[in-house]
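What follows is a set of structures to go through.
Heads up, the next two complexes both have chain A, just with different partners, chain B and then chain C.
Then we have the complex of A and B:
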């Protein structure tokens, strides 16, 4: 076993944890806002995939990774607009529409990718990294933590910003009211439909950005179905975190580590069978859900469309 | 046609009188018109909830909207609150036409509403609920709120514990918070929809005092109720609604001049169109109690949310007898009823049904032995809303002959059975295939009663049988309960309505905090005295009652 704990192994584990964890973090933070507002956003997987495709396409066509991220946000928001219109304005079933959007986005991005690139997977140039002086030079953890893409720091900043907004402004309780008892918010003079729509669009933007990070930074290219359930893990994160952004971060890193262990163990060349290694992230999901999932408390009106005056 | 009755009744003149006073410029100046309805009509699928109603509410007055269930009161509230939109006609504000297309707009015009069902978020603190609706990017000032709350506390005696979790407060306390919220908004019109239905008698009096003080400060108070005495005691003006129409109005002067009895009589006539007064107390039935049908000895019940760990309940109901269980809601009545019906485990003690030990018997076994339970939760527990009326009548006999034979459903027999019940119990439904949730509460209640009484019932447990029913339906239900007892069935009547208990029961047991704290012989010819005696036990003052 001691052969495992080499600097190479640790470094690739930590790097992988962050690379795999950041899209989960972005998706989880986004989903968290939707769920607070009472919208179970199952379409988030589709929003992520749309973000990955649009992000990659924009970065590739416009030759700018930053425009790529904007494209990713736009892609996620586009799917979110459909979700907001159908589920919040018209009040259709959120689960059915969410699954539909995910399947639709999977099909559409695969189809578009096939038309544009046939079976080739053009790679983007390696993205610029922000090296934090001195800290980056630390052994093992230096390159993993402090030599990362700016989006990583943006995602971490979002944790702080959201935690502040939820705790210290009326936003947090307005969202909670929309999720617990929308009728009460409505008669108190709040705007349930507007707030829920905004929450879903925010989810779309975050998921789209997460998808774009996955494509542009993580893989450097777009591959159909590349999100592989990252959006769904985001839903799990949001449910486990019980409304706290910091918990989303912790859970995202744990899941990221489990995911990256797959690669890290292979890099380290251990003699554990590959099948067992590849099972690890999913075993981790099960373990964490069994351990913490029981205490997850969901908003009372989660998944229920709100229609004024309807009893 | 009841509407036409109302129109051609002698009360039309008083309605005209009221309208004429409205037009009087002098009176108009004294009492400025705060908000009003102009020929408003609102339809829902299958019903006209409000039919061409014009009303005007004045500043400085408590204006009572009186009517039975389905009279259109709550629909009017919904329209004033911006939750519902009128189909024709419109609202006026200070005489000008206005459209209130959302609760937000309604609030911004100074109209605040305290709804029938608490409209607070249970998982937020009281403070958070009070600031709900403020701009989301701001942080609402706590100290400012404390100041204003202290002011309200002093002026109106409102108790507002800012840090309490809202869901943990009683409904009465929550209502105070809603009133406080309305006042914090500096509203000029305050609507209270069925605000007294969840208050103790003392709480009702306090609310009446508060409304008076608010009206004196120039607010226009709209007080919705179906209780006549409250209308008389608290109102400056009473408008009576009947089946969506304005049946008449009792003006300020005539209300003040009338005695309570004659005012109530007037209101009754407006509400029921000159039919026989529904308030006449029914004569005590002539029946003799027979043998003991249901006997509970030292029952210990798993109370769930109510702590019943230390209570041992003993009671006996004889055939032909009505044993009333009085008590403030949530003191273990429902738990007791469920334990008797077999829906809740009995931890210790013994329950006998007609001489047979049924302590551990299943719901089905008890039913087969003749025990029937009428739940207070008609739609969730008592019936399947989406199912047609016919299927609901055999819900407790699924798979049993004659409605099923060898596992095959016989729809014709079920339908025939349903039609028979609909006829016998005068259920108002288009036909037996209508989903039961489309029926009114009273009609669902009739149907469930019919269902429970079919077969050989020996003991019937009623849990709040008239809860949420209007007066006519309540009177009918009570008549049926009495008929059930007269036919020799033992009846256990659980109710939070003291008048109902006193009117019907032979003996009254009082429940408080999960135990039976006293049993009294009823004397329905002295209801006032009984009220006080039972009331004392209800609030946990057994010592005082024992001394008296």
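Then we have the complex of A and C:
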């Protein structure tokens, strides 16, 4: 066991924790906004995948990783627009349409990938990193925490911004009203449909960015079905966090660590089968749900479409 | 969630109006979106440089019009029907069991672990029966945690079933590679049930009799949900949880029963694929039928016969597109696009119809 606690192992674990945790963090923060507004966004997996594809395509075609991230945001928002139109404007069932959008995005991105890239398999050059002077030179944690892609810092900044917005601004209160009692918000002069649509588009942007990070920074290429449930984990993170961005961050890092344990253990030469390790994060969630499930609180109007004048 | 559950129950999944006028519009409502989805996906095929008529023609010829293709399509129908039977029970009772893929795989592994081990010791029919029974029980057991959490703690089952499905897929893989590995082959897979000991074929065809099991399951669920007291109880819970408990129904018990039935059917679906077709589970095998069957069950509005028809069409599409992937170079994932667009058009169509009818008064 002590062989595991080498600097190499710890360093690759921490690095993996960040690389795997950031897309989850972005997805979780995005989903949290939707859920606060009363939309259970199951389509987030599809939004991530669309972001991964569009992000990779833009980065590859325009030869700029930054345009790639913008492309990723655009891809996620595109799916989110469909979701907003169908589930909020028209009021169709959020779970069914969410599953439909996820399946559609899976199929479409795999199809496009097949016709565009399956003969050449292009890869992006290794992304530029921002080294924070001095801190990057710290042993073990230095390169893991302080030598990362700028998107990592952007994601961390989003935690602070959102926490402030939810707690200290009118937006937080309005969102909560949309999720708890949309009729009351409507009476008070708020615009439920607009607010919920904006929340879903924000989710799409965050999920798309997370997907683009997976493709452009994590893998350096697009692989069909590459999100592998990351969006669904984002939903769980949002539910566990009970509306608090900081909790999303903590949970995302725990998940990221569990997900990256596989590679880290392989680096350390351990032969625990990957399938067993892959079960860890999901088992952890279930344990947490068994322990704290009763206290997990969701907005009262979550999943219910709002129609003015109905009851 | 009671209103969302009410939508589920009434079958008007995508909108929340009262009952629509029967049958006439429903046919239009089913065929219209299918046509729209075909047109929409044809445009996508055109965009990637494939002739849609040639593609759909090939899929139909291969999946429906050739003898081999048709029997493969009918065989493929079996696990999908069993999954659908389980989903209909859950959805009509207002429970979102999104964990069928994990339940399916663990059922498959359980039957693949048991059947080859006891074959030869017991008569063939008993081996198959025990294989199915174990798979059903294992599938049901895999839903116990989400069921108890939902029934007694009120934890949202969408989350717990999604988590248990990921957990179940990894667990199934680990079991295949670590516990039930066949020492006789170099391929990581379980021991194989010999072909003659698998589910018998129907008459002179190569269609597995799993098809009959699947058909019976869906029809039995249809009758049970619509014509029995138990079905009425489940539908009542699905329609309005509070009303159901005021009425004296034990909602937690019915919730657990719903989960057990739904997941049990998913386990049986896994067994039908192993005992009927594959004979073993290879490492990392995961056909992921579950999430695909969910939209189909909704498109069929939880109606047994409509479900059977749609699942048959989908099997034709699957088998046809599998060989189209080899021959025409269109990856099979295209079927996902087709079904997803069908679902979306279906939702829009129902919405429009609802509005027109409300305007007409």
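Everything that follows uses one rule, which is that the second predicted complex is superposed on the first by the 300 of 311 C-alpha atoms of A that agree within 3 Å, B and C clash if a C-alpha of one lies under 4 Å from a C-alpha of the other, contacts with A are read in each partner's own complex, and residues count from 1 in each chain.
Quick note on the criterion: a residue touches a chain if its C-beta (ideal position, glycine included) is under 8 Å from a C-beta of that chain, and two chains touch if they have at least 3 such contacts.
If you're wondering where the values come from, they're calculated on a predicted model, not measured in any experiment.
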| item | value |
| --- | --- |
| First, second, both or neither for A:171, with chain B first and chain C second | first |
| Touched partner set for A:185, first chain B, second chain C, both or neither | first |
| Broader residue contact with chain A after superposition on the shared chain, chain B or chain C | C |
| Shared chain A contacts, counted only where both chain B and chain C touch the same residue | none |
| Contact set on chain C toward chain A in their complex | 1, 3-4, 7, 13-16, 44, 48-49, 96, 98, 145, 149, 153-156, 158-160, 162-164, 166-167, 170-171, 173-174, 177-178, 291-292, 294-295, 298, 329-331, 333-341, 343-344, 347-348, 351 |
| Interface residues, chain A side, partner chain B - complex | 168-171, 173-174, 176-177, 180-181, 183-191, 195, 300, 308-309 |
| Chain A residues touching chain C - in the complex, by the definition given at the top | 40, 42, 82, 86, 90-93, 95-97, 99-104, 106-108, 110-112, 114-115, 224, 229, 232, 235-236, 239, 273, 275-276, 278-279, 282-283, 285-286, 289-290, 293-294, 296, 298, 302-305, 307 |
| Interfacial residue positions of chain B with respect to chain A in the complex | 78, 81, 83-84, 102-104, 107-108, 113, 115, 119-124, 128-129, 131-140, 181 |
